[in-house]
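Have a look at the structure below before the remarks.
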């Protein structure tokens, strides 16, 4: 199985050959890869070097945290890559932004109204969690769409709060 | 559900009334009982007192280890108790003794032969595990029955080694 | 007296207090909210009583219920820990009224120091310098504060009078932005302390936050156990503390220590407390506030002095004299604490909740971890994000930093994101290593992106790791799809599942 | 040199050494058997190489493979830890031949001290007293030993010449039982060390096992770091160690320390080592043997001296002089170590294997846990049963004991049985508290049944706990039976399982 993995703007062609071999940009490497006691913690021994890593899936791709540094990457197989190329790049950037609660909490205030024109970086919702008030900001300029929560409401993680068009 | 629980020669009549109440010898007690994060470790809050315990099932009954002390007990419901009474006490004592490996290991030697007459406490098998040689002794006098393993053999935990008649 | 202590707190500090009690042969009573039934403090205590639902206001802040449990359990003493009710005069008073030993200062001292405005005026009378701000005043209205602000000058800080831990604190750069900031500060203070009063203080720039640990007994002896440098903060929350401070010398320590002792004496202080100072670039220092309780970062002082502060608290609460005189207090080596928070340093330090599925603590020489979490424990949104304190000791500051790096590298927490990578970058930063930082360092000069560069870059390794995990996930989902297609053989599946789950 | 260290060991000691290296900025190379792919030393090291199958003879004892990995990895130094190849002269020699730094003594010192017979005659020549036994002889036959035994007198000990850790050791009470014991001792020694040679030693009754930690550099400086009392043993395996010894005084420490230094000098010793003595009731002491390596119980010495012994080992291996002179070594407070073994104290201390499903370490002030295990790790029958070392420090011996009790109470290990209850009973025993014990104490005077009585008896609580668990299990099995009966609705089950496992 071949994948195109993108990291810090660079593409790597990675082929999973079998349980103990991968090729990266054509170079075959012997790998000893295990999930540690069934946890999402992975141990990779490659060329004698021992790396341990947390790997998290996110909405945009994968986060790999190893030796105190986090790497954000996307992993696509060839079909996905072709589809995305045909669609002309990421649809998400152009489209609507849906603000979801990054953690469970209490909606302290919503300093915007539906239909407001807002700037990039403007505070959309203040959410209290773990005794701290967290300002959730807009990643883009636009117009506030439907607001789905009320002040004082308790929300779950990933619950939709509002959208920006 | 009612149980007769025997501990250090004393019988306790214990009724499990519901998830939060038990009666011991007729006295109803409120209990808050939980398995801690799905492990065989149990937390019991009773009368405000907090007890944490390991509870192990063994071939003969249950072992409860709490606050640095182990209690060996048997738990029977009324039907089991009647059956046992009818059968005239424990059958095990009179019958054959089957020596099983208490842990995985290597059979270092078997200092007895089939048909040997042996004393209580006599060494039947020497099993090496974790770099230590462990002498497995007979809990009763008798005659060595079938020996199922050979010197130098690796055995699994609970594997039958030999019997004493 | 002090034979059975009710610990009116949760988390690592409740565990810390239970440990000290157990080592003294004192019985312990835990209280807990519905979210904390399986918490370590409940598991470790001799007795445990339910307070109520998860939110603090319905559990750990319920003074009435806690006093009921004191009576029910027969506890003869209470330890409040930090946060929650720890700096509430009425709690200390309720204990006094019931003849229960409150392991902390007298109600009068809590009152004097608890209202930050009163505290400032009290120590000023004792001849201690304070940071310029609103003096000698009680509950000022927004109008009053807006009128006073230009006289103090910008930048300034809005601070909660009942405050602590950065809650209800706001920086103000201009009069224009002040009304909105006043509102949010009051809101946060009200929510955290049940008291929305605030005061103003000049923001001293380029300053370090230096605090002195105080111990006082009922016989009038007051000593200090040296300083802690707590300048590394984010949003006024301490993140890293160390002792000795890299900018401290013997002469300054003696002078500041003497002022700290004087400040404590000005309120007839008893038990453990902390005097916080700002120290500016020219080594002028100003009283900031007094925390009339055990401090989160007390372990670093324990590491360098060898004194068990919680045991000393109990000793003093029993009416005995302090076990140490000022000249017995010797600082050996250096200690650092990193607060491990459940938050994602790569995503704006947003809190992270969830069930801890694995936790491997760093151990070995010179390491101490104070924590209330363990694998299987749920980190909820109800309480503070601090899930552990990682404390190290070294013969020298350099050795302590190297040891802290080693410990951070070893620490594994699965189930929530933590700020461990932040601390790793901090321990790598040349300014931290040189001891050159102030209270603005984290926010102004520090970014995860910039500092990651101190660490080795392994893009190919990361690409391989991520790709293998993604690949395995694709394989698994494909199996589920195939399994769904498997109509004809469903009977076989039943058997297989049954066997697996028997 | 000493920039990359290969750690030729596993378990807690491999982790301990990796920690010291990391704190010195030295790279680390782990080696592992197939059973240890997920072991902590593999996870923590910078590099890791497979040695072979699980049994030691095919992995950790494969000197040839280890030297191959030294070359392949580019390691410039080797740390052998304890056990396995740590006291093999040929290992130190192979390193010397390849220009690799062996972090330990010179091959000649290992040879002189490694053969216990040679060691005895060497120190005798240096004027050090030894326990009477077979002197100055190499590989004695059974016939020779049986002839010599009556001259030494009974009771006596058969000991492995290559020995350590109680392996290949047997007590002999009479000539009649000696042939059988010789056979079993040789068999065990052969299996543990690949060398079945044994010697005889008089059994000194009522004695304490006192050992001195030695450090020596290449410049001829030799110091000792005080003693450890290791008298609490079972089957010649140490279980509890403490320092200072309750029977030690300054004068005796100085005398024994001087003899220990002299013994080390007699073999031109380099690096860390331990001189073991027997101390009889009249405070006469006899050289027993020298362990030419890092000792399991070294952390208690680290706790009271503040000296990191492994870092000192690396310092000395780098050719530098010791960081401390004898007069710099000060003992502060008291430290105790309990060896946590995977064995069942309620069932004859039989080893217990299995997967660790939960492990909650005691932490907080004055506690150190050195371990290689974590939840999810499998304890196999291939290696030593010691899975952790619990070490505490206290300002006084009494405080250390109280702290150890607290730590033992907190420690939770699920998945294997441990000897924690044994240690709890030991810490409760009045003889331990009084410091009145000798090497025969555990076996002759100590029983789990007798000592459990020191602990509170809660039969009703135990009965309730056991009954609820038994009840819940009955309920669950009843459900499974009902599930089996559910023929008609199997299709529904399919759907349900599918959903659960998606």
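A, B, C and D are the chain letters, set down in written order, and residue numbers restart from 1 in every chain.
Just so we're on the same page, contacts are C-beta pairs under 8 Å (C-beta built on N, C-alpha and C of every residue); 3 or more make two chains touch, one makes a residue touch a chain.
Keep in mind it's a predicted model, so treat the numbers as computed, not measured.
Engineer: When the contacting C-beta pairs are counted for B-D and for B-C, which pair yields the higher total?
Structural biologist: B-D
Engineer: Rounded to a whole Å, what is the gap between the Cα centroids of chain A and chain C?
Structural biologist: Inter-chain centre distance comes to 30 Å.
Engineer: Distance between chain A and chain D based on Cα centroids, please, to the nearest Å.
Structural biologist: So the centre of chain A lies 47 Å away from the centre of chain D.
Engineer: Which positions in chain B are in touch with at least two other chains?
Structural biologist: Residues 37, 39, 49, 52 of chain B touch two or more partner chains.
Engineer: At least two other chains touched by the same residue of chain C: list those residues.
Structural biologist: Within chain C, residues 358, 374-376, 409 contact more than one other chain.
Engineer: Going by the touch rule set out above, what shape does the chain contact graph take here: line, ring, star, complete or other?
Structural biologist: Its topology fits none of the listed shapes; call it other.
Engineer: Can you list the residues on chain A that touch chain C in the complex?
Structural biologist: The touching residues are 1, 3, 5, 7-8, 10, 12, 14, 16, 22, 24, 29, 31, 33, 37, 39-42, 44, 46, 49, 51-55, 57, 61-71, 73, 75, 77, 102-105, 108, 128-134, 157.
Engineer: Flag every residue of chain D that touches chain B in the complex, lowest number first.
Structural biologist: 167, 184, 187-188, 191-192, 235, 342, 346-348, 350-353, 357-358, 380-385, 408-409, 412, 414, 420-421, 424-425, 428, 448, 452, 455-471, 473-474
Engineer: Note which residues of chain C are touching chain D in the complex, please.
Structural biologist: 15-16, 19-20, 22-25, 40, 44, 299, 302, 306, 308, 332-333, 358, 360-361, 363-371, 374-376, 395, 399, 402-403, 405-406, 409-410, 480, 483-484, 490-491, 493-494, 497-498, 501-502
Engineer: Which chain D residues qualify as touching chain A in the complex?
Structural biologist: On the chain D side, the touching residues are 29-30, 37-38, 42-43, 45-50, 72-73, 374-377.
Engineer: Any idea which chain A residues touch chain D in the complex?
Structural biologist: So the residues of chain A touching chain D come out as 32, 34, 36-39, 43, 45, 48-50, 52.
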